[in-house]
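Dropping a structure here in structure tokens format, bear with me for questions.
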């Protein structure tokens, strides 16, 4: 964006504005664009979800407002805006007011590091991935504020559940990403995407693989397991079924949102759906190559880029469109999976949720990190790191061996941990009456 | 550019100081915690201003995302949440003592830094080729495993020990907690109290308890 | 008979025998506290904490209902929780109370028939049958064979639709976003279409009369019914495939809300709740009424008595009901008599006396007790409502489980507030 | 175990529980009309048990005869005779007809021993009877109104409860 | 002791994993497969009863379900297309059997002789309280009342749900269209009975009032016949039903009907205060008068400069409070009268009925009239209420006195045991 604005102002018009003004203008433009896109995503996702889940239940879904019900979210928004804004008398007014803002702001900030297409990233932070998750953890503060300020038991319970869940599931999410970070050795999201060129085998791992933009991490055992864990954790962070416990309407009416109405309620919804979108997008970016796909790399090679300053801008446009298309297609596909899960699963209980996160997912991700280390050792390390036996292997053989070993490790770990987890769950509810016989007898009598 | 940064720095500093003042003056503990979060945020922004992105992000991740949540949880779990509670601070000379000790500790940390630092404003331009000071992720990581290995390991062990200790305390706590028997467990217990089971009763299988009267026994046994 | 024999035969002294006091107002504590047991007190005494009260969690009273999404109507549960564990639960009724029995005593016998529809508005046909049977018993009216077949057909269809709906609501309470409910409702709609064809109304059927049913089945009824019987196994199989081995559902349902076999009978529960606890008591078999003695069908029972067992028992009962309907379709053409006894007067004026008739309604034993004083209005009209009595063990069943389990346990009992509050 | 008819039940109970079985006096049910045909008196074939011994009788049914399932407790207000009749209905899970115990208590002092300590399932039945008829079940652990609110006065299912008007909307309504 | 059952067995349901799957998570995948199948199948319509896939939504306003013949929603009254005579003969069967008691009717009277005619003068059904049980249609011996298939009755105007004869009337052809076989079963008998009834209906009584031109034509015909016969000109009192009624009139009519019924139940012991002017029984007329006057008084109190209601003006003009007040008054009067009737039957004296002292009270209806006239308080509803209370008290007193005084002489209603007996008679 800086390049475009710079080219437009200083080259085309020849105004020679200083660099920081250009930067300010371009950043403002990008921010405005993102702020326009984010609510649109939310509106579209609500419609998309309702239509998709209706189809799963043999219904049609919203189909009255606009063609095929497309304007339904607009109508809902209008309804939200025109509703009365009720603040409970016992509420902590300022905190109650600030909470939705604190929830929405970080989700918006997360857009800052999300690459949309080749060369289309608002900020290429070298700690982008970390930034993404650091910022996402802030919204927990907002949820807690909402729960505390509402002075409602259900809201408090919901907020506690929500925060506990978000904090707990951040760990497996980050740990699973850590495995991928180990594979590439970078935290920059742009570089993560660029490492996923290739055809089922990343061209970073095996040089000479044709680049069709399909060297996604999902095709490695480490990436597959990391993706599964990350997606489950994303479900929990985005409060989606089967982890939508903070707003389990059958238990604690609407959780932390119970005492909110009107547009404040709408803001919570906005934050939630934008967060879901972002989580799907980041899953697509990290494990499915983001904008990578057949053709994008080829197009971008011929476009104007820092590496290739005298390319053709038409290819810029084409690569951008194709990249955004790939990214959005993957994102919406993941969101469809979220909706699909919502249609197919009941929700877990809150203690089962915690157990699942701490006793199953985190050990699994730890094993996965070990796998990632094996992978890196087999593929990258040489005699200088002390690995000598792979010296004479061809790259494809090294890749194959690494694939087989990590696959075996992961499958064995999955099955073993699942067994252990199931056994511990079964054991948990049991009380050994004989052991406590004397104590219990005293209390019963 | 420098002026802009100066202005931004001034704003952030004002935010930090203002928030810190609010933390110690505001009467509602929850509000105090929220002001503290604002303070953390300002510090993170300050790091960002220093182009220490990693530190800034870690500040947000650790302090805002974790520590403040911990504080809020602690407040929520230990006091009457809904009421505007009176702050439970020590008063009188104890208060002053506490303040003095805190100030002293802070001075111990800050004074050497202040004294030892060469306050060149602006900083001299670094000669090209020198690596960035501990700001980059890679440098930080390398420093942890080479220069500060011992400290890093000690801190890691300490944290692990603390974690294990917390688990132990929680387990003790859980075991100590009042447990409510479910209907089935209570029934089972009463059965066993009335009729001690044979020594080798298979676990999970209710012990065959003889019942007092013929009818109930037969009808449910089928 | 010595006093020792007066104790409950099962080991059931004070704590269970005097249940933890359902109902009542806030702040009212029952005389019998639920059992709370401190385990391993000695181990921590010298340990980490000096002040034992420091870690004591607070007991919190939560009102679930009367306006709560998953209380199946206006029903309130006063829940005392310790953390997330329930230590006491008191159901509070009466928000839908309209004194149905008093209304019925002001009406003539026939006028009560549409009012029975409104008791358990899911199963109006079953309510009609119980009431019609009671009046027929009281007034000595005979029912032709064909009418009995039609009645049984309708009640078995009702059972299928009730279980389809109840399982859907149960799963919905577990948080599965209405998918199973939508599937169940789809099957229910088909059955309601059949009801509409026969009786003219979908839910408030008002189809039964003393001595038969109001009109014969229309000619297009049987083909549609046969079509439905084709779809029914597919529906049940799909339900099983969707949910039966679903790990999340098993986690939510297994071992939750156990009502032990020995206690189920003492708590007077009936229907799938009783059978889920493993007691094979089905009035259709125990005291065959109407023409139930002519059909082959099994009685499914559970083994543990938890939510999962009740879930499975309901699924199996749908299959058995389908079996009965298939036999009805075979036997109906041979049945003699019209749809109603032509000599039965609808404005009955039964002789002085009393009568009790009960049926196995989809929710349990539904009984009507009528006392006649010789006038055209019942002198006493009492409904033995299965949903109401099945709520008796709710408070005890929920004790010791988590808050989130309450809605599941309640959903597995399958209540309809129109019948609970009457 | 052979199923019992009411007559056999009376016989056996008279033998095993002396004094528990009372003679079933015919009831008038309704006040006799001034004109027209007089309704017949209500003669029940079921076993009428003394109010004080209902617990023993019920336990006899359960423990000795095997009728362990308490299905229903109904109350009938025989205003003309000045009594309440409680109808207890017992079944066995082996099937077949149930047995009925009837208890008659005077309308002025309707007190019956509670079955709830022995059948937890009697709890809601008895509370309903208390709420709607004002039958006091002694030894009931939690005898409170169940349908009506606690401050409600009167027993809405009694035959002499006013059918129109109450203290909230006034007799005019 | 084992429980044995016949023709079947006791099966213990099988818990948990049935198949030999050991891989955890397969149950979840199974569930997802089922949902996927539904999603994939949802791009076609549901095929019918034996299909469990496909969209089964009715897109309602455009796509309407086909209602079966037996479908019942709300009762309607039938009239004959050819003669435009109504089938109803006001036999009161439906009114008696109606469980929520929402059917009210008055029988038509021959204006010349004052004798009742087998036709209905006014017929009111309160749709808002109707429970669609269909008893009225079942019990009707003339097949005049049938259940409609129209179900879109929702309205913002509650008053519209009190439905009068004009709106209830449907031609037989309409019913034949919605329920051909059910009509075919009863057609012959119904038409035969109708022919018999038409013969006993003078003038235009019994013709559907919403067919104004038919009535006019019939009247011309009758006049022509009368002129031809040079008979004395019949008093061609235009029946009220001939024109469109204003809401006030409707309300008054309803009140009158209710009051009349109530008075009838109270027994024939009430003496009319004013000389009977017409052929109607005195008490009924007096009650109607009372209701109308009460309403008038209420209106007067409410707004002296209320716009004069023009006949035929749409319903929106009239202040609804008046109707409500009048209606309330009528209902209360009715209740009171019924209570009084019960008291006179010798039923146990109820706790709140204090009217046991026999007094030479002014007759009920007269009291009501005077009370209503006196009540000119500004609050219209209050006035009406007051009037109603007074009327009720008077009625109660009158009934008490009447039963005391006239117990030996009255034979009809009081002896036969009150409302119950009459119901019974109707049913049999």
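Every chain is named by a letter (A, B, C, D and E) in the order it is written, and numbering of its residues begins at 1.
Here, contacts are C-beta pairs under 8 Å (C-beta built on N, C-alpha and C of every residue); 3 or more make two chains touch, one makes a residue touch a chain.
Quantities reported herein were computed from a predicted structural model and do not represent experimental measurements.
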item	value
Topological distance between chain A and chain D, in contact steps	2
Most centrally placed chain - per-chain CA mean versus overall CA mean	C
Distance from the mean Cα position of chain E to that of chain D, given in whole angstrom	40
Centre distance in Å when chain A and chain E are each reduced to the mean of their C-alpha atoms	64
Whole-Å separation of chain centres (CA-atom averages), chain A against chain C	44
Whole-Å separation of chain centres (CA-atom averages), chain B against chain C	49
Where chain A touches two or more other chains at once, by residue number	56-59, 343-345, 440, 444
Per-residue multi-chain contacts in chain E, two or more chains	1, 3, 5, 10, 24-25, 28, 31, 34-35, 38, 46, 56
Residues within chain C bordering two or more other chains	5, 9, 12, 15-16, 35-41, 179, 183, 186, 242, 246, 248, 263, 265, 278-281, 285-286, 375, 393, 396
Interfacial residue positions of chain A with respect to chain B in the complex	20, 90, 92, 95, 125-127, 130-131, 133-135, 137-138, 140-141, 144-145, 148, 151, 156, 160, 163, 167, 170, 187, 430-431, 433-434, 437, 440-441, 444
Chain C - residues contacting chain A, complex	15, 35-41, 60, 62, 68-70, 84, 171-179, 182-183, 186, 242, 246, 248-249, 251-252, 255, 402-407
Interfacial residue positions of chain B with respect to chain C in the complex	169, 172-173, 175-188, 190-191, 193-195, 209, 211-213, 215-217, 219-220, 222
For the chain C and chain E complex, residues of the former touching the latter	107-108, 110-115, 179, 183, 186-187, 189-190, 193, 196-201, 204, 206, 214-215, 218, 220, 224, 227-228, 230-231, 234-235, 238, 241-248, 250, 254, 278, 280-282, 285-286, 293-304, 308-309, 312-313, 315-316, 345-347, 349, 375-377
Contacting residues of chain E [partner chain C, same complex]	3, 5-19, 21, 24-28, 30-31, 33-35, 38, 46, 48-52, 56, 67-72, 97, 99, 131-135, 138, 147, 420, 423-424, 427-428
